[in-house]
Every structure is written in C-alpha cells, then in structure tokens.
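Scrolling down, you'll hit the structures one after another.
Okay, so chain A shows up in both of these, paired with chain B first and chain C after.
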Partner chain A sequence: MRRAVAWLVFWLVAAGVVAAFYKRVLWFPPAVSEHGLSMDSQFSVSFLVIGTLFVAAQALFGYAVLRGRGKSGQPPSFWPSNPRFEKRLILAIVGVFSMGSEKAWANMYFRKPSPDALEIELTAEQFAWNVRYPGADGQFGDTAPKFITRANPIGLNPSSRSGGDDLVLLNEVRVPAQRRVRLTLRSKDVLHSFWVPNLRLKQDIVPGLAIQVEFLATKTGQFEIACAELCGLGHFRMKGTLIVMEAQEFDQWLEEESE
Partner chain B sequence: MSLRPWFPLVSWSSWAWLALLASSLLRPLQAEEGGEVTGQVLFEGEIPRPKRIRMNADKECDKMHGETKVYFDNLVVSEGRGIRWVFVYLHGVKGEYPTPADPVQMLQKGCGFSPHVSGVRVGQKLEILNEDPVPHNINCTAKFNKPFNETQSSGNRKEQVFTNAEVMVGFRCDLHPWMGAYCGVTKHPFFAVTDEKGQFTIRNVPPGSYTLKAWHEELGSQGAPVTVTAGASQAVTLTFKGGQ
Partner chain C sequence: MSETHAEHEAPRSFIRRYIFSMDHKVIGIQYLLAMLLLAVVGLALTVVMRWHLGIRTVLRPETYLSLMTMHASLMFVVVTVTPTSAFGNYFLPLQVGARDMAFPFLNMLSFWVALAAGLVLLSSLIVGAPISGWTAYPPLSAVGGVAGPGLGLGQTLWLVAVALLCVSSMMGALNFIATTLNLRTRGMSMMRLPVSVWGWLTAAVTGLLVFPVLSAGGIMLLLDRLGKTSFFVPSGLYLGGEVLPHQGGSPLLWQHLFWFFGHPEVYIVIVPSMCMVTHIMANFARRPIFGYRYLVLSLFGFVTLGGVVWGHHMFVSGMSPYSGLAFSILTLFVSIPAAIFAISWLMTLWGARIQFRPPMLYCLGFVSLFISGGVGGLFNAQSSLDIYLHDTYWVVGHLHLLFAMAAIFSVFAAIHFWFPKMFGRMMNDTLGTIHFWFTLVGAYIIFLTMHYMGFLGHPRRYAEISQFDFLKPAASAHTLISVVALITAGAQILFLFNFFWSLFAGRKAATNPWNSTSLEWTLPNPVPFSNFERDIPVVHRWAYDFELPGGAQDYEMQTAPGPSMDGQTGKGVPTEKST
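Then we have the complex of A and B:
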C-alpha cells in the first residue's frame, strides 16, 4: 500500500512538472527582442535534443536494472566500449549545437554596427542607471569626472558644445519598437551587469571600458532592468525600467523631454 | 578665639572668590557680553535654472510627491541673488563651550535629506531618521571622522557622534543618487546656515577678531575678516561667483 502511494506521488509530480513546462508556466518571461526569439528557438532545440538523450539514457538504465533483477548468481554481461562510435556521437552533438548556436551568438555579438541605430549611453553606478540620449544634434557631449555632482551624475562638461542638448534620465530607458538600439555601457565605480530578461540581453559592465551592445525590441511594453552582478550594499534596489514605445510616440516623447 | 593661619582658604568668601575667578576664565561669555555677526551670501553671474529631480526613477518616491515637481538643492539662488544652504562659521574661536545635550536631527523624508545643510558640535549627537516607507542608505563620506555606509530601513534611527571638527561631512543615499546632505562639525556654537534669502545671523559671539568662513557645496569656500564688539552687530556680505 505504502509503495503504491509512493508511486502515485512520483507520477503525479512528474506529470505536474511536464504539464507546467508544456504550458510554459515554468518558463522564461516572453522574449521581446529580435535576437531573443532566435535564442529561445536555440534553447528549445538544445532542450529537446538533450532532453531526448537524457530520457533515452534513463530508459536504458532502467531496462538494464529490470533485466538484471533477481539474477544474483550470474555475472552481469557488459557491452564492450566502442570509442569510435562515442567520438562520432560527441562530434555530431557538438556540431549540431555549435552550428545552431553560432548563428544566434554571431547575430548578436559579431554584427556590424547599424548606421541608423538609436544611440543611448548607459552609465551604471552604485546603485542606479544613468541613461543619456544625445539630443537633437545626435552627438554626445564631453564628460569628465571633475564635473560630477549630484545634479550632474555623469559629469557632463557644461561648456561642451554638443552636450547642451543631451538628455540624462535615471533608471528609465525608453526605446522605439522595431528600430535597432545601440547601447554603450559604462560604469562609474564597480562591476555591474545590465540585464533585461525579456530582451534576453545580459552584458557585464566593466569600469574603464565602453562596451557596446545592440538590440531591436519587437513589442511595446514595460520590462524590468536588473543589475546581474553583485555590486554592493544596495544591489537589490538597482533596478530600472525599459519602456518600449511605438516609434512615433517615442519621437514625440524625446522632443518634449529635450525642450 | 584665635584664627588659624589657613582659615582664609576654607572660609566661604574665599571659595566664592576663587569660583568667580575660575568661571570668568573658563565660562563661555554670556549673551549680553557678546556681539552678533549677521549678513548675506550673494551670487554673482547668471542665475542657473533649477534642475528637476526625476523622482520616477523610484516609483515609490514618485508617489510621495504626486504632481509636485521637486528640484535639486545643490544651488538655490533667490530672486534677490541670495544663496541658500551656505554653511557660515567663525574661524579662530578660542575657549571651551559646553556641548548641547539635545541631538541635531536630519530626516530622510520624501526621498530627500532635510535639512540639506546643517551644523552639529563635536561630541553632540546627530540623529538621522528615515521617515519614508522605502529603504534608504546613509553613506557618510567623512574625512577627519570615521566614515560609515549603512542601510537605513523605513522608520530606522541612526545616531552618530563626531569626534573631530570637520567642515563639511557629506552624506548620500546610494539608493537614490539625487539625495545628498552636508553637516558642518564644529567645536564651538558660532555657525549658521543661510536661509532662502541667503541671510544668516550668528549670535552671542565673544568680542574679538575672527575670520568668517562660508562654504557652499558647488561654489567652494571663502572667508572675510570680522571684528566683533560687545553688544554690537557686525554686517558682512560675501559674494560667490557662478558659472566658472
């Protein structure tokens, strides 16, 4: 009786987990970027291939256990190893994965910068995101640490010609949908990591480096920006919002804010 | 009855005389004996436009202010060119002055520090209270006192005593980078913070010659000599140049 209950619980849990994955209850937040969709499909392929292999290996293992049961007097029989087959199998798996994932990876990291991309600079600090738009002239103004104050968190040079129209926001990144956006990531102090789960974008930010990433948001809405690198005492509060807007709405907003 | 030779030392009148002598040397001067330094700190140059704080960086902070716009307090200049939040104090003060028992309060309220600039005495308690429903942080960037950096949860009270004079001790909240405050730590009570018209008054100053120093977070420091006479008011005007 006890055994039957244990089996019942086991199968119920197994069926529940499968149903939760199948129904996407236990899954990623929806992808809202172009490369995010290809990453998700790559993930699904990996999941399917590895999952199939895993289930097959478990089945084989179970079969061996069941077959050998109650034959304690007999020595077990072994399948001789087949190094050539194993090598080929490993190479085939690596090949399938690298060919598929290379595309998703290269599309994100080895892509030529798009000339018409919207430039946004993001300067991380303990514990906030400073977001800068270049303004109407499309040029970022000069910055220097000596100009940094509370009211001028990125140290914009007040006499910089192209800096006058720069728009600096805090913890809020607004982008238009269906247009490529190039982010330049900087840090004022320590290591941070820019992470938008919905964009499938996570990039470490290293002090002293200007790291560029590009993305194209496909859906409008508000999505969480989190810092994914433990950066200090207030790391838990270092969050922002990515607001993806319709292109026209975005242009109007930028114009109003730049005034 | 014959008097002993040491009698004067124990007689009440001798003790009273000694006490009077000691108190006149050690006791701080009474109000009626001191003078007053009063004045205004002015801004020269183009008055900068106040910069708005984007409270929506933290939705909970934004909710506290509703439709009201909040501005940075780093450089507040009145229409009459008076500069607010200038810490003014006397340099060259001698003597000991009792430390007040009451603490100086600094609030974290509406996602800002209040007051933005204040003064506290060496050995006096500075009480920092978080009156907001959100957590803050106190990052004290003292140089001649022990710096500290602590999380300040909602409703929390932090008490701090500074052991050395320091003008100024800076405070920030790292969770809300627009929040900042400064506190001048002095050995004597002769300091003031300018009001919205840039005016200040330092009372009960012992007569003598001093340097009146003024500190502003963005405009720097400057000083002017002042001579205080008993019962009189000495007016001083200091000017900071902007746009440099």
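Then we have the complex of A and C:
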C-alpha cells in the first residue's frame, strides 16, 4: 500500500513536470539573437542528459529505500553500482558538458571585434539606462563625472570635438536586425547588469570598467531590458526597452534623430 | 590523550557551569539554542517577504531588500555554525574519546564572539538593515547612505558582525583540528573515525583556509566606508548629485575575495552535513558505510576543488572570459566527489533493512535534496548557460535546495538523533514524521518552482514584478510559492513544539537508544562533566560494524574487542585488526 502510494506520487509528479515542460509553462522567452540559438541547443542537450540523470538517480534511490528487504548479515546478491561504468559516465558527462558549453561560451566571447559593428554605449545609473550613439563621425566624445548635470546625464565634455554630434537617449536602445552591435557598458554609480532574456545576454556593468559585448539580433520587435544586479531600492524598476528594427528603418530613424 | 580536563572538578557556580562554561557539551547546546533563535527570526522574515511577494504588496521596496538581506545573513550564520559548532562541539570530543576540546577557553571565547556576531547582526535589523544583499557587493555597500537606505550604520554593523563571525569561526576551527589530531583515544586511528568527525575536521580545515580571506575583505570594506580608503571603490562615482572622492579601487576585487571565501563556505556547510547524514544513515540502515576510504578521499577532493572554483559565481561579472572557461570546467569536476558520496549512500541503503525513524527520514530527505540540487548545479556550472541563469530565481532555488534545505535537513536529523544524548530524553516520532513530510514536500514545491521561474529569466532581488511584461507569468508562481511557504513555515511549529516539549516531557532515553556504535553511546545520561568517568576506553574497530555475521546483536560498539570489518565495506568479510 505504502509502496503503491509512493509510486503513484512519483508518477504524478513526473507527469506534472513533463506536462509543464510540454505546455511551456514558465518557459524561456523566445530567443532573438544569433548566440542565443546555440545557447538554447546547449540547454536542450543539458535538459535531456541532466533530466535523465535526475530521474534515474531519484528512482534508483527511491527503489533502494522502498525495497528495504535484505537478509540481516548478508550482503545483497546484486549491487547497483559498477565503479568503472560510473567513472566513465561522470567523465563523459563532464566532457560533453564542458565541450558543448564552452563552445557556446567561445562563440559569444572569443571572437575578434567585428570591424563593421554598430557602436552603442550604455551608461547605467540608479535606476535608468543612458544610451549613446556616436553620431555621424562614428566617434564617441569623451566624458568625465565632473561634467554631469541634469541636462548632461553622462557627463559629456562640452569642449569635446567628436562629442557634438553624439546622440544621447534614455531607456531606449534601438538596433538594426541582422547586424552586429557592439555595446560598451559603463556605470555612473554602482554595479548594474544588462539583462535581455530574449537576447540571451546578461553582462554585469562595473563602474570603472568599460565592458564590451557584441550581439546580433535576428528578429525585429520590442524586448525588455532589466537590471540583473542588485543596485539599490529601485532595482526592480530599472527598465529599458530594446527595439530591434529593420536595417533600413533603423538608418532612417538614426538620421532623423541626429538632425 | 591529554588529561587536562579530568584533573579539574566540575565548576560549582551556575554561571561558570552553564553560562561562561568551558565544557564543550554546554557550549554545543549554547550554540544550538542561539542558532535556533536566529533561525526563527530568519524564518519570520521569510513569512513577511513571501506574504509581500505572493499575496499582497505590503512592503516598500527598500524594506523588502532589507528583510531579504537579513534573512540571508541570519540563515547563512545558522547553516554555517549549526552543523559544526553545535554538533561538532558536543560530539567531536565524545566520538574521538577526549575529555574536552583541546582549548576549552578558546572554545568558550568562540561561542561568545559568535553570539556577539549574531546580536550585532540583529541590531542592524533594528537600526535599518542594509539593502545590499548578503553578498554586499561594493560600491553599493561601500559608499554609505548616499547609495540607499540602510547602507549607513546598518551596513557598518552588518560588516562588524561578519568580522566577528570570522574571528569566532577561526577559533573554533583551530580547536576542532587540534582536538581531532591530538586527542584521539588509543586505537582511534584516523581511518576509524566516525565519518561525522571527518566532516567536522574537513569543515574546520576549510574554514581556517578561507575565513581569514573574508575577514580581510570585510575589514577592507569597513575601511572604505569609515577610513576613506578605496580598495573597492573606483574613481569618479557620481552619487547623490556629486562626485565621490574615492579613487582607483576595484569592485571586482571584493567579488574575488568574497567568493574565494564564499564557495568553500558552501562546503563548510554541506560537507559536515553530508558526513553527519552518512553516519546517521548507516545506523538506521544497520549497514556498514560503503566505501569509507573513498568518502575520506573525496573530502580532500571537496577541499581542493572548493578552493579553485569561486569564479563560477562571477561568469558574467566582467571577469576575463578565459577565467570563466577554466572555472566552468573545474566546477564540473566537483560532480566527482559528490557522486562518490551519492553512490555510497545508495549502496549503503541497497538491500538494507531500513528503520524509518525520524532521524533516518531526514537523512533520506537530505539525499533526495542533495541529488536534486546537485544535478541542478550541472546547469549553472556551464558558463554559457549561466549567462542566462545567473542572478535569476534559478540560482535562488538551487542554493536553497542545497545550502539551505539539505543543510537544515541534516540539522533536523542530527537533532533527532542526538537529542537523547544531549538532553536525556527522546523526541516524539509521530510529530517528527509529520514535520518531515510537510517540510520535504514544501521545500520541493517552493524551490523547484523557483528553478522554473529562472527559465522565465526572472531576476532575483526584485521587490515587485509589476514593472515588466515578461514577469507577468511569474505572478501565479509567486502566489503558489507564498502559499506553500506559509504552510511550510507553519509546519516548523511542529518541530519547535516537539523540541521544547520533549526537553521537559519526552520519554526518558536509554544510554544507547538507537543501538549505535560510536563512543558517545557508551556514556550515561546525562554525560558526566569529564565525559569518561574513569579511563578513556580503547577503541578496537571503526564505527560501522553493523550486520556482523553470527553475532547475538547486529552491531558492535567501537569499544568491543574482536574481529572487525574496518573499512571492508560491502563485502561482509571481517578482518582481524590489532589495536
């Protein structure tokens, strides 16, 4: 009876989990970046392998607990363990994961900066995102904290030659689809983290450093930018919007804004 | 083999005996009760936070973050201190056959400093707790009140508490190591130590290696706050309408120091937990531990690997991606010592005649949680997947399954198992069983749902989810978690009631109620002041001689002479060992 109930619970839970996966309850938001697709396939492999491992380990453990009928003083005639097999299994898992995972990691990080990438600078502050495009000259003007005012939130140097045509916006990042974008991430005050679930991109922003990341958005649309590193009482409302546009539309928009 | 303790009489005055006591047993109980208090406060904070997140928005965002910081900090102290300092203090000297810790005065000091740490931490709750989380990342935690509420005096007190905890833990660790290495009784070779002793020793060695790093980091952060230094604060920060005077520090330096401590800290918590569970499980499976030598070897694996994987907390921190690669692969190798333990548990249970008493139930719950948390770790150990999972609820769920739930289950197991020796009475089995099921099912629903919320990309440490469209689907999950969390928190009353009621009205315990083998069970209740009243017994075997063929009883105490199965596990072949 006890065993029947235990198995029933086990299968109900298993069925529930499978159904939840199948129905995509609380599932990943769709990926819209190039590296996001390779990350998602690594996720799928991991789900398969780790899921199997999880079910097998729990079931074996549950079986050992519920079976519980050895003869006192006698070792069981059959052992569920084979050290050689286990050693190989663990090494195989470690090997497969580290190769697959590090490949996705390398795809993202170990690549030369693309020469034709669109440059955008993001300066985070408690609790907003300042977005800057370099303007027609393709050069960012220099900034310094002493120049920061309400009207000049990133501290653009007024006498900077290349800064005059810089375009500074708030909480709205527009990028063209199918073109590499290089973000330079800076912070004015504390740690923040640039997090766009759809892009599969998360990068902490460290004051004092200018961290660069590249991505290529594959689909147009509006996606939310959230802060993923605790930055103070307004952390939960530090929201930005990523707008991925058709390349043509984007060029047109940039031209209009720059005037 | 020191006899120092024995030469003194038990102190007569109440204060020397029960308050400023140097008796390791009293100190162990003091630790346990103090940690119980902190755990209750930490749990109360959970109730408020879960009410806020899942049922009705009642807190201001900064209040939510303060409570969250305090919940994590208090529970961090509880899980760090309880397995080793409470149970290790009481039972390590008994299990190795010593009359007390090697340095009784240091032991007393260690408790009082830990208590001071706890009280300073609680006082920070009163003056306005910091909102910077338990990791206290600078610059948020380094620049004072200008960065947010609670970051003035509250954060300073928080750091003082951390520094005190480090001092206390280092003193404790010295004591544990010296006692284990020097005060073992005759015949108690290292390979005959109960696994629990190995766990406490491992935790102490790890603690001695990494607590100094945290205390150095904590003092540097205090200096940044109070002394205008700039260890962690870079130039040109603009906060509160002005440029701060700090120059040239690195926020990432704190993260390295913190996690160089913080990851081994996980093993300081979980390794003694695993070892206590292994010890208790053998007793209720009535089976020798499988692969004792491999368990001991894998403890070395935990200590070594624990020191070189801290960077997996920092994959997206801005650290070099080449480091990320190395840390990721090294982290995956942690699955080897962990798997050795899991296989040992499975083999110990395989075909065993299990006695389902509450200590065993908690051990089995521990194993299940350990497997779940462990395989979950295979996701976030992969640096590429961690880009997505880092700082989401996935991590909250993952760390709670292992670091919180598994650790607490081992504490529940240890309390139920050793209660008769500590207090001379038995705890109630029925209450224990009901409490076990509520807590296990609750823990799984709560923390698996949190894993799921991580898939959604839900960042942790969000006071509200109303601002983002992609968090809308998480609302119902939050409500589910809150309802289950409130029920599970309520179920803890069963445990508290059982604990205090049994303290005064529980059934009187026999000397060895569990038919157990290690030295503490040779002692009468209550255990005399100098533990072993006459001579310290000689040990003839390891602690896991269960299921001996041909014996009248199914176990032998470590003090019983005769052939032993010493380490020859699973084969059932007794071997002659001389003492």
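The rule is short, and it goes like this: the second predicted complex is superposed on the first by the 217 of 259 C-alpha atoms of A that agree within 3 Å, B and C clash if a C-alpha of one lies under 4 Å from a C-alpha of the other, contacts with A are read in each partner's own complex, and residues count from 1 in each chain.
Definition applied: contacts are C-beta pairs under 8 Å (C-beta built on N, C-alpha and C of every residue); 3 or more make two chains touch, one makes a residue touch a chain.
Only a predicted model underlies this, so the values are computations on that prediction, with no experimental measurement involved.
Contacts of A:L233 after superposition on the shared chain: both chain B and chain C are touched. For chain A, the partner with contacts to more residues, out of chain B and chain C, is C. By the touch criterion defined above, A:G155 reaches chain C but does not reach chain B. Applying the stated contact rule after C-alpha superposition, one finds that A:P115 touches neither chain B nor chain C. Looking at the shared chain after the overlay, A:A128 reaches chain B, while chain C stays out of its contact range.
Within the superposed three-chain model, A:E172 lies in touch with chain B and out of touch with chain C [touch as defined at top]. Residue overlap on chain A between its contacts with chain B in one complex and with chain C in the other: 125-126, 232-234, 237. By the touch rule above, chain A contacts chain C in their complex via residues 20, 25-29, 38-39, 42-43, 46, 50, 53-54, 57-58, 60-61, 64-65, 67-70, 72-76, 79-81, 86, 90, 93-94, 97-98, 100-106, 108-110, 125-126, 144-146, 148, 155, 188-191, 193, 195, 197, 200-209, 211, 224, 226-237, 239.
Across the complex, chain A meets chain B through its residues 125-128, 149-151, 153, 169-172, 232-234, 237, 240.
Contact residues of chain C toward chain A in the complex are 60-62, 65, 131-133, 137, 139-140, 143, 147-149, 234-239, 243, 249-252, 286-287, 316-318, 321, 324-325, 328-329, 332-333, 335-336, 339, 342-343, 345-347, 349-354, 364, 367-368, 371-372, 375-376, 378-379, 381-385, 387-388, 390-392, 452-453, 455-457, 459, 461-465, 467-470, 473-474, 477, 547-551, 554, 570-572.
Considering their complex, residues 51, 54, 56-58, 72, 74-75, 135, 137, 149, 151, 172, 174-180, 217-218 of chain B touch chain A.
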